[in-house]
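Below is a structure I'd like to ask you about.
Here the chain labels run A, B, C, D and E in written order, and each chain numbers its own residues starting at 1.
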Amino acid sequence: MQRIGVFVCHCGSNIAATVDVKKVVEMVLLEPGVVHAEDYQYMCSEAGQAKIGAAIADKKLTGIVVCSCSPRMHEATFRKCAERYGLNPYMVEIANIREHCSWIHKDMQEATEKAVILARAAIAKVNLNAPLQAGESRVTKRALVIGGGIAGIQTALDIADAGYEVDIVEKTPSIGGRMSQLDKTFPTLDCSACILTPKMVDAAGHPNINIYTYSEVEKVSGFVGDFTVDIRKKARSVDATKCTGCGVCQEKCPSKKTPSEFNRGLGNRSAIYTPFAQAIPNVPVIDREACLKFKTGKCGVCEKVCQAGAIDYAQQDEIITEKYGAIVVATGFDTIKLDQYDEYAYNQSKDVITSLELERIMNAAGPTKGHLERLSDGKAPKEIVFVQCVGSRCSDDRGKPYCSKICCMYTAKHAMLIRDKYPDVNVTVFYIDVRTPGKNFDEFYRRAVEEYGVNYIKGQVGKVAPQPDGSLLVQASDLLDNKQIKMKADMVVLATAIEPNQGVRNIATMLTASIDTNNFLTEAHPKLRPVESPTAGVFLSGVCQGPKDIPETVAQAGAAAVKVIGLLAKDKLTTNPCTAKPDELLCNGCGNCAKVCPYGAITYEVRQVNDHGIREDRRLANVNSALCQGCGACTVTCPSGAMDLQGFSNRQLIAEVDAICR
Amino acid sequence: MKFSYYPGCTLRNKAKDLDAYARASAKALGFELEELQDWQCCGGVYPLGTDEIASKLSSVRALAQAKEKGQELVTLCSACHHVLKRVNDDMQNVEDIRTRANNYMKLDTPYGGETKVLHFLEVIRDRIGFDELKKKVVNPLTGKKIGAYYGCLLLRPGNIMAFDDPENPKMLEDFIRALGAEPVVYPYRNECCGGYISLKEPDMAKSMCQTICESANGFGAEMLITACPLCRYNLTKTQLDLPVYYFTELLAEALGVKEEALK
Amino acid sequence: MSINNEFRPKIVAFCCNWCSYAGADLAGSSRLAYPADVKIIRVPCSCRVNPMFILRAFEKGADGVILCGCHPGDCHYSTGNYYARRRMTLLFSMLDYMGVENGRTRVEWVSAAEGVKFSTTMNEFVEKIRSLGENVRLGDLRCKN
Amino acid sequence: MQELKNRAIELLENGTVARVLGWKIGENTYDPEPAFFDSVEAMKDFVYNNFCAANLSKYMIEASKLEGKTLVCLKPCDSYSFNQLVSDHRVDREKAYIIGVGCKGKLSIEQIKKSGVKGILSVTDSDPIQVETLYGNKELPYTAGMLSRCFSCKGKEHVVYDELIGESAETSTVDRFDEVRRIEAMTPEEKFAFFQAELSKCIRCNACRNVCPACNCRKCVFDGNKFDSAQKANVDSFEEKMFHIIRAFHVAGRCTDCGECSRVCPQGIPLHLFNRKFIKDINTLYGEYQAGADPEAKGPLTSFTTEDAEPSIVSKGGIV
Amino acid sequence: MSHQNNQAEMIKEISGVNPYKCMKCGKCTATCPAFDEMDIKPHQFVSYVQSGNVQALAESKSLWKCLSCFACVERCPRDVQPGRIIDAARQIVVRQRGGNYLTADEIPALLDEELPQQLLVSAYRRYKR
């Protein structure tokens, strides 16, 4: 029989306001095995832990139950505490009486009853606990960053500077990401390319950074410290070792009608192309869908004009297999498709554009060479309307339920830049709320209104109607004046909601990283572990975790890098000792457990056993505890009950069931 | 191809031609409209209140009758189409309405929204195909610039009507093209004509229709087509001299069955 | 159990550590209430739940048992919930075949981000069990001691 | 029969096999018993007649541990069980010399008694069956004495053998899932009443478990304390239910539907109805699967597809 | 419960709308073709229900000006459906004795040659019990 101590935490008033903690103490003392019980204001505090330590010593405790917050919060804390006071850390169980009890119930009697039952279950379980020893596993000192935008670049640079090798996998032909498409950045109005390009160059030239562009992650196996990843390097059709980046091929390519992805389809590119002038690497790729050589077999112009002989039509996709200790997801975002928002006439009029398209129009290297003009007729607009929250904050099935966070600020930026460069243009912004929490953000927005004369109207736009004369009739509301506005505009800019990049769900699945209903990756804890995925060894950087602006992205990128460095700095990781363990006398050697093991941790060997005096050779299951991650799939497939999971054994779980149903 | 057909009150009366042209055209296109027996008026508007059951029963009866015959149910008038499709959606998805409606109806087998409701235009698009229609045209309406007027009832709410993109529909434009004419796209083709408001506030409807017609005219439309007698009624009351036809009239004309239809 | 003649069911919820237990935590920290009748048992993965645990719960007087795990495709252990899905489908079908009300068992996939779903699911499930009433059918065959 | 006996003696004599696993003649025609014969001398008691219904494959677990090969007589349905035991690594294919024996449907004295014949003195295994009773001689059609499982026989092909001896005749006349469907069509109350009535007869003798070739654990989970579950003592009726559900679950995907469980149950509980429900559901949801047909196949409960049905299918009208 | 609150509850029940989902963006008002005729604007409907001031809504001009064109329903980003709210308010009025906006005796004067039956039927349904 164990000697169990039960420690009931008040968590200030978080628990104690709804659960009668004294009553819980009184009730648990009646449970078999419980030799000590007490309550305290904050069990996780230094003083609280000291109480646990004192009880371990005084009452010779062999097991501990802490009735407190979720084990996901403080299980590790109390395990360490137990260890410090000489108890095996796996002799600790947590009864979650906060998240699963006090926070969701109002009635004190009801909550107290439930807290007692949850405590009983934990006591019943700890009665059957056995000391466990954590094992060790090795750490591959190399990191993988998926995505080569500003988030991925910054993470890679920080990890590389700390002395670890990093690979960046980017699916487009160049690193740079969304930031390379932007013209200016808020709230300082400095040029996006001017601050991004040096970082791209740094990354490319860093001895510890290896960049795979035009590549995608295809398969991930393994676990923290020891991931194995297959990377598909798509055929570029250009030999990067020979190409000098002279650009003649792009100039001479006869197929120039493919919409440029970089310019959001507002301009065209050739079939052999680099997305933009500062692309890294400065090695073009051949778009085989557009290339005449690939489509018709005739052409071959690029091959003829290439002095370096770098064109290689026969190049094949290549699979690179590499081992990593940590993986950072930095897959970024895209704007949502506007097919569901035709009331804004995006598909009917060329002069209705998204804000990201406006970035390209304003950019000197963009389709209009930086001149603000209407895409329909090239005329300079005199009246521009900005519409905020297009597809954001929508609870219908057309848009996204969240705030895209960056739109208020970039719209202020656009409005300001336009008013600055073209003072004769009237700019009207229709907003629902202007959200500017950020350093110098509200000041920036106020400058747009006060100094630049941008006309902000509170109210949403209901319809944009193209007129026979080429203008756009914007029908909106002015909620403060309680008016309906019908105004003519030459251009309408939609602050389109952003969403995680396509394909992130696939990546999340490969990484077994959890993802929310909006396809944002979930963090391990929303406040305390915001850059880690719940899956050990997987970290989050940038908008893949939630909408962010550039400074926040860079900050998170650095934070993710620190987490990676902290991991790679270790030579060994302690492994979870809650692994599967077969009882050799019960094992049939049937082989079913190995069939369901996702880690290949189970093998079979013929061994002699002594079954109550009968010695015979038997085929028996063997668990490699370094590989086993403790899911328990094998335990259920085992009919004889030979396979059990340490820490979550059949008898422990049954004891919990019994305690709850008692 | 045989469909159950629900003409609706107006098509028996003021809009006989909308119905006649449709029947003749259907024949020319190779499908048959079998009028439901003893159908009752759909009520003209869909009852929005969640507690209104009785006013939905005539629609349920029509839907159940089509189910018994194992046929899809075709409508022509926008209002009837709107009401029948939405009531059908209720019968499929709103348990409370389904249970109560069935309690009233006492059918042999309860009705649960099994009938598919199709607009005549949907039959052409989804069952016949515009390419096929184009082949059957004998008098192409070449050179005619036609503005399609959808109105609200066919399109909204988009998730239930599922007729076309509610903000940028193209079914009638494709239809116009198939007849050999030129569709004129204008932004107010899905804005309201005023509907029943014209009874008590005719000026309101008039001003709304004025906006619609001016926009269509401004983009070069010589005429409008519509599926709804009420829309047509309202649209013809503007100061503009823009003719408004039922889409079936042009269809019958293009298919060469117009004369025959009015016999 | 019954207070003031009101039927208070015993409900056991098995939640996988990575998604659903975290979803339950999120429901808690978001103060999304559900009845106290639900008691959660933490398991590493939905595939750890043995049909014997479920039957044991019924044996000991549970009125409903629900299993929550990561959404298919999102299992922390890649494939665990796929096995759980087959096992539970067959088990539930067998119980239904033997005449046990099929509303007493349920599987729901709840991610770590779905606090709302967790709470709604539990409210619904408790509601369902309350409407089914006490587990008489299995109760007839229950341990009498 | 004689051909089989001669061949077995021949193989024993020439040393191909060390022993024969077959049936030993009983007091009457109708009660042969499974037996090992390790000499030509012993073979005098060997018999194979139409009452030899027992599935011998499970005896091969012990035989696999013995020196030398064992000749085992397997009927077509037994050969599936044998294969399943091979894939469970419980028998060694190399230790077996399999003679696939013909089967014309197996007879059972219980079945004959059930058809209303009383005071039986002797029976033949012929078609028709000649019965000598205290009240005179009777003639019964063959099917009147046939085991019910044989009416839904899965075929007379052996899936594994070294040689074949004897003729078979098709006996399948009904769909084996008809009984399951009949129960599925009942109201929950009727289902419950049906199973409660059947299972209340259980005396927990473990005959079903002992005969079942898929129930091949060295030690049954119900005999251990891994789940803190009660020992053999029949503590309460819920336990009974739990035992049979879990037993069916543990063999799901491995049960070949040999029908031995129902044949040996002294209380006549139709235990195969549990297994068949699982088989039917597996076939419906995850594709046709016959345990033992292919020893390399991955069982339905150790595999999955990403598009598998959700458990909620059960409450949405069930798996039909 | 006061009469006011009672009526607000009725509106919520009849319309099936949760007015608290509204984020006051004004897209309904921006889109409403009957805006000019309305004294209480579509985006204000929810406020009246929220504050329980249903009487004002019931006495408003807006009540009879809504066309049931569903533009607000279609475009509302929060699925609030102001059109359903105003219809529910109308239901409350017409279900009370004498609350009809249209009476049989005024109809003949409103008719003309071409007027389709549909118009009468629809108006009857929306304006009258």
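By our rule, contacts are C-beta pairs under 8 Å (C-beta built on N, C-alpha and C of every residue); 3 or more make two chains touch, one makes a residue touch a chain.
Not measured: the values here are computed from a predicted model.
Chemist: Based on the averaged CA atom positions, which chain is farthest from chain E?
Modeler: Chain centre farthest from chain E's centre: D.
Chemist: Name whichever of A-C and A-D has more C-beta pairs touching across its two chains.
Modeler: A-C
Chemist: Report the chain whose mean Cα position is at the greatest distance from that of chain C.
Modeler: Result for the farthest chain: B.
Chemist: Can you give the whole-Å distance between the Cα centres of chain C and chain E?
Modeler: 44
Chemist: Could you grab the centroid distance between chain A and chain C? Build each centroid from C-alpha atoms only and quote it in angstrom.
Modeler: 29
Chemist: Let me have the rounded angstrom distance from the C-alpha centre of chain B over to the C-alpha centre of chain C, please.
Modeler: Comparing mean C-alpha positions, chain C is 49 Å from chain B.
Chemist: Would you give the residues of chain A that are in contact with at least 2 other chains, written as numbers and ranges?
Modeler: 343, 463, 596, 637, 650, 654
Chemist: Can you pull out the residues of chain E that are in contact with at least two other chains?
Modeler: 71
Chemist: For chain B, give me the residues that contact two or more of the other chains.
Modeler: Counting only residues that touch two or more other chains, chain B contributes 166-167.
Chemist: Sort out which chains touch which and give me every pair.
Modeler: The complete list of chain pairs in contact reads A-B, A-C, A-D, A-E, B-E, C-D.
Chemist: Within the complex, which stretch of chain D touches chain A?
Modeler: 65, 87-90, 216-221, 224-228, 250-251, 298-299, 301-303
Chemist: Name, in rising order, each residue of chain A that touches chain B in their complex.
Modeler: Going through chain A, the ones touching chain B are 339, 341-343, 345, 347-348, 397, 463-469, 473.
Chemist: In the complex of these two chains, what residues of chain D are touching chain C?
Modeler: 180, 183-184, 186, 188-196, 221, 227, 229, 235-242, 245-246, 248-249, 252, 274, 277-278, 281-282, 285-286, 300-302, 304-306, 308-315, 318-319
Chemist: Which of the residues in chain E end up touching chain A in this complex?
Modeler: Spelled out, the residues of chain E in touch with chain A are 21, 23-32, 35-36, 41, 43, 71, 75-79.
Chemist: Which residues of chain A touch chain D in the complex?
Modeler: Residues 583, 585-592, 595-596, 604, 611, 616, 619, 637, 639-642, 644, 650-651, 654-655 of chain A touch chain D in their complex.
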